[in-house]
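Sharing a structure below in structure tokens format, with a few things to ask.
As written, the chain order gives the labels A, B, C, D and E, with residue 1 at the start of each chain.
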């Protein structure tokens, strides 16, 4: 998984049947210092995340292992809203 | 998933049986500003996309989770035609 | 798999149901000389690893193949605490 | 999937049982202009490809979704011999 | 799959149950000219490979498709000892 920030959303009327009802958000990966990088993906939201939220993203087949994305054609899902990242002193 | 643009198509007469009937399109990834990058893949079309369309691409095992690509030897599929990308102000 | 060092932890109250009870740690990949790189991921701990530990990380679908992560929405798991790496002379 | 060219072959007497009988070819990825890049992989041939052929390569779990690679320990397979790539207008 | 050379081994007493009994080797990827690169992974040995051997590595879910790694938490496995690589003239 990795840490990112929700920076946008995608609207697609024509799409695979099993994507219907899923909110598709643009997530920008953050670097170890919390700054936005240039890496951006589109992830299915499974936790009610919103614009600007710090989120945890899972990729690959595991993105299908949530109740809302089971058997869906998604390779990335937001699976957590991050409260805090503790980095060792 | 990521955002791309359809920039070509691939013709292959000799191919794996389960690819027969699938339209294979060249998709070029776009950067956060919508500009074409140098990253290009071949994806199975599952939504009737055409040249120049802005599309949503899913990769990995999830590319097999559409009605037209189930059990097929594909690792990338076009699963949406993108109407609009809203980026936060 | 690859070698890393535990450099932090993630707290997320809102998360996918099947992540509940899993400890989510920040792991920084180390280079062949054992130095920290800039590559960082969030991995589910399955072996009781702690801050500063040298660990073995598995990614992708195989991260779900441990007793504590089966069927969970994780794409990275700590599956070993590394005692020693022997590099040929 | 991506486009490549067959540039070699691999001989391995000692190998996993389920690789026996599979032809293992070296495929070099080509860039959007059809030039060879430095990216090279070893792929199982499933379509009778030969040296110098332009081929379509599938990677990941989907490489196991052909009749000759089912359940085999392969993460890349040649699934088509490319006749033609049509790029924009 | 890709070509590498065994350059080390990993000792981990505390590890996931299903890794017990597996030999974990450090494999360094080689470039098209056979020179060691900086890319290094830890792979489960399934063919009795040893230090300095030229090997074939499979990654991802397919690393679980050998008799010794079935259902194990591994994302890379050595599945062949390479005798020879023939590159076209």
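The rule is simple: a contact is a pair of C-beta atoms (placed from the backbone, for glycine too) under 8 Å apart; a residue touches a chain by one contact, two chains touch by 3 or more.
This is a predicted model, so every value here is computed, not measured.
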| item | value |
| --- | --- |
| Chain centre separation in whole Å, for chain E relative to chain C (CA means) | 20 |
| Between chain C and chain D, centroid-to-centroid distance (C-alpha), Å | 32 |
| Sites on chain A at which at least two other chains make contact | 60-61, 63 |
| Arrangement of touching chains [line / ring / star / complete / other] | ring |
| Complete ring sequence of chains beginning with chain C, oriented so that chain E follows | C, E, D, B, A |
| Chain D - residues contacting chain B, complex | 1-3, 31-32, 46-48, 56, 58-63, 65-67, 77, 79-88 |
| Residue numbers on chain C that touch chain A, as the complex places them | 7-19, 24, 26, 28, 38, 40-43, 51-52, 60-61, 63-64, 71-76 |
